[in-house]
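Structure first, commentary second.
Chain lettering (A, B, C and D) follows the sequence in which the chains are written, and residue indices restart at 1 in each chain.
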Amino acid sequence: MNDLKQKIEMAFDSIDINIPEDNRMIINISKDGVISILSYLKNAGYEHLALISCVDLINENEFELVYIVSAYMKRDDEFHDREKQNIIIKTRISRKKTRFMTVINIFENAEPYEREIYELFGINFQGHPRLKPLFLEIEYEMPPFRKNFDTRKFVDDMFGNIPEIEGH
Amino acid sequence: MHISEIILSPLLALIVGVFFLGLSRKIMARIHWRYGPPITQPVIDIIRMFSQKSVSHGNLFNFGIIFSIAGSIAVVLFIPFGRIHPLSNSGGLLVILYIMLLAPLGIALSSGEAANPNSSIGISRKLLLTLGYEFSLLLILLALMTHYRTISITEIVALQQKGSWSLFRLPLVLPGIAYILILPAILGVRPFEISKAPQEISSGPMVEYGGTYLALAKIEHAFAIVIGISLFVNLFLGGANNLAFFFLKVLLVFILGIFINAVFPRLRTEQAIKYLFGIPAFLAFLGLVITVLI
Amino acid sequence: MRELELYYGPQHLGMVGNFSITLNVEGDRIKKATANPGYLHRGFEKLMECRTWMQNFPLVCRINVVEPDHIELIYSMGVEKLAGIEVPEKGKYIRSIYLELARVASHLFGLWAYSNMLGFDTVANWAMYHRDLILDLFEELTGARVYHIYIRPGGVRRDFPDGFEDKIIETLHTIGGKIPDYNSTFFDNRLFKKRTKGIGKLDRENAKKMGAVGHAIRATGMKYDIRKIEPYAAYDQVEWDVPTRKGGDAYSRLLTIRDEMIESVHMIFKLINKMPKKGTVYTKTPNPFKWKIPEGDAYVRCESSRGELGLYIVSDGGKKPYRAHFRTPSYSHGLTILENILAGEDIADVGNIMMSLYVVAPEIDR
Amino acid sequence: MDRNKLIKWIKTPAKMGNKYSLHAVYFCTGCGIIEIPPTITTRWDAERFGVTPAATPRQANLFLITGYVSLKTLKSIIRTYEQMPEPKYTVGFGSCPINGGMYWDSYNTIKHLDKYIPVDGWIAGCMPRPEAIFIAVTHLWKMIDNDMADGYKKYRNNYDQYRANQEKVLGSLDWPPLFK
């Protein structure tokens, strides 16, 4: 893990890497560097994109995008340390300008994840081939996973005043 | 020929067919380690379907299903059940071969009108399958006709009653085996259940049938089972002199069909066609050649 | 030939779970497939933000109805990691046994679904019956057939009842005794091989590129199994092997599933032998209404019966999770891989391929 | 014989058919579907009572709504329900269709199913056991006997209200009204 840390620090400047525990590495990077660090990691053998997530940091008025990558095994039946490691790449974008780059060119399975985040957080991924709703049927007044979307209030407004069926 | 036989024969086929539908569900259930539905379940189902409101999709939709039922009844009239043989003296195997195509054609006409993609795929599968077994069936029937030098089923049955069953006559062994091999396809049981295939195309041609139409389709299916097996019993297992013995033979063949249904998955369409044009067609052709030469 | 648009699901006998695929077909051949999820979207991760750490347990297990146990486990693991809770030795063993039972039950469900797709009712009925025997064990252990809520942060809810180990062994022997029957009717059936060999082929490179996990990648020969790679519970305490196959098609995936079931059963026997007889099964946790978990984030993962299951969980130091995101194995399998490998296949093989990948719809939608 | 008795006598076989031949739509609406395979297979064998899955809604007369109903599913449920031929019966399975259940505060699931389509009976619990389905079926038999399972008539008579409620949550529906 430490070797990798040194290598990444050599290759990229202004990058913040810490290793909170065994086999986990957290890389904080500015939003311009995400594509290059992901392709760097992919070339280094970390070619399994486990997850793309998004956290709504409403107090800091920012979205945090989280990419988690890990490695497949080098040989079919030998276990190494490398596949134990999960690398968590975090980047922040403004809540006002919700635009970001797609990473489909690097990881093919990013496509549904980005569609999901587009739908649930309202982040536009530039260059995504089909950025259309994945899960939701109706349009909400704002993407529902944002922190200022109050699901309980929405439920009261939407489903609270639907009348019972009268008559027979 | 007697007028009562014309009424009796289709009625008998219907009762036996519906009974077979119930029996097959019961036996399948036992193979699944289940108790199974009551044997009258198909009757109840058919009553329920008739009592439901049904949606029509046009005139051809109505006409096709009636056409197919009528076709089935016509075939039944030409097939002798034991001593009941209303029309089988007048027609022959060739007539049967022609009218047997009417039932699938009627279903195809009717469900084509529904314009559901599932049903159009189902029809094309059904017609392909029919084509697949019809070719072998034709060769088999030709071999029979050459061997017995007649096209009348009643005469074939009578000749078998005097001698041995066609299945055990030397030149006819190969066509007999070919017939056994295509019999699951004629009955539409599991390895060849491709036109219905509920898990693939939601019961194919029947997808838009509800209420009365579904009941009629069920009845058509019951007829088809009886026709497919009785033809085999008459041609190769010697028919029978009385009704009970005849239907006993039909029942045994049918139970064999259920067992085949229970232990096989469904084939893909092209695999089924490949199979049907493979060994069965070859055996039937070989049998025909041998019969002609002898 | 005319190109038709065929809706495969959600109301369809060949569909397990509320999921739909739009197929553009020409004859029997599929031109293009578009997965259409979302019929089961309930917004779990949003609802979790409104509930306390402990209140979330009844919620999270409903993410995957086929196999709720691994979801319980992954959430417990996340909470344990954030709060720094250790699991006692016996608790780890019980977790492993319980999870392996769940894996067998889940694979039997998969076998039901799969054989049903091929129109193989007989095996489907048998598999479902045998799954029920395992559910009976769960019922005795936890009081519920489907949603057990047995694993909790710091261990499991309660110890095995007296004589429960013997019951597990007996049940598994009953099921194991029928393996020859399964083999002769299903796995060695010529038509089964005809239907599955070479279908839904996923070679190593494509599997890696599209994020395949679990048996989908193990069927290409790689022993990629989180239980070995990053052992949790008591998986590092006993000897076991990761079953693999070489083909990468539906046939290899099915046989991988079968071998995995057998391996799980052997593993359960070994775990029961090695399990400490005495000891607590859980570490005490604070009052759930006042329980605050220190600020931080964690990514944990485990091997569910369909592959790598992960959870990214963030705490802001409060009583409720700030954000949780489940990485479910069916997500890549059902959306990316399914769309890619369905193109060019036969309509007859949609259910076949889908269930050989073992796509479970609620896991995708969450 | 007076007229009512005659009508009753004529209707008897139809009722018998409807009672003992319940073909359920195979629609996995929610997690309740996990208990359907055990119910229809070896262990419980619902076919004993004539309950079997039907391939398409046209062939069915029982709609078992198994679990929570998200908005996207509601749309398909309404379409499926309207395709079924009358008489048809609906049974809600699990707590979620009754009042939202576990997902009472979810933005994407509806809370009271009977405001959108008529429901003849409920099976409470999460998960109800397969035996509960049989109890529901026997109750449904009694209701059919006494002409109480008349949800489809209610739907026909109050179609405007149902359609209004459906459009309230789903926006405008893209198919024409079933009844004018």
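The working rule: a contact is a pair of C-beta atoms (placed from the backbone, for glycine too) under 8 Å apart; a residue touches a chain by one contact, two chains touch by 3 or more.
The structure presented is a predicted model; accordingly, all values stated were derived computationally and were not measured.
Of all chains displayed, C has the C-alpha centre closest to the centre of the whole protein C-alpha set. Taking the CA centroid of subunit A as reference, the farthest chain centroid is that of B. Looking at A-D and A-C side by side, the one with more C-beta contacts is A-C. If you average the Cα atoms of subunit A and of subunit D, the two centres end up 40 Å apart. Inter-chain centre distance (subunit A to subunit C, centres taken as mean C-alpha positions): 23 Å. In this assembly, the C-alpha centroid of subunit C lies 30 Å from the C-alpha centroid of subunit D.
Note: centroid distance subunit B to subunit D, computed from Cα atoms, is 36 Å. Residue numbers of subunit C whose C-beta contacts span two or more other chains: 12-13, 38, 41, 43, 46-47, 50, 125-126, 129, 365.
Of all residues in subunit B, those that touch two or more other chains are 32-34, 198, 202-203. Multi-chain contact residues of subunit A, defined as those touching 2 or more other chains: 135-137, 144, 149, 151-152.
Subunit B contributes residues 25, 29, 32-38, 41, 44-55, 198, 202-203, 206-211, 214 to its touches with subunit D in the complex. Of all the residues in subunit C, the ones that touch subunit A in their complex are 37-38, 41, 43, 45-47, 49-50, 208-211, 213, 217, 221-224, 228-230, 244, 297-299, 301, 308, 310, 312, 314, 322-323, 325, 327, 331-332, 335-336, 365. Against subunit D, in their complex, subunit A makes its touches with residues 135-138, 140, 144, 149, 151-152, 154-155, 158-159, 162-168. On the side of subunit D, the complex with subunit B involves touching residues 13-14, 16-18, 20-21, 23, 41-42, 45, 47-48, 50, 52, 55-56, 58-59, 61, 84-87.
Contact residues of subunit B toward subunit C in the complex are 28, 31-34, 117-118, 120-121, 124-125, 190-191, 193-194, 197-203, 262-271.
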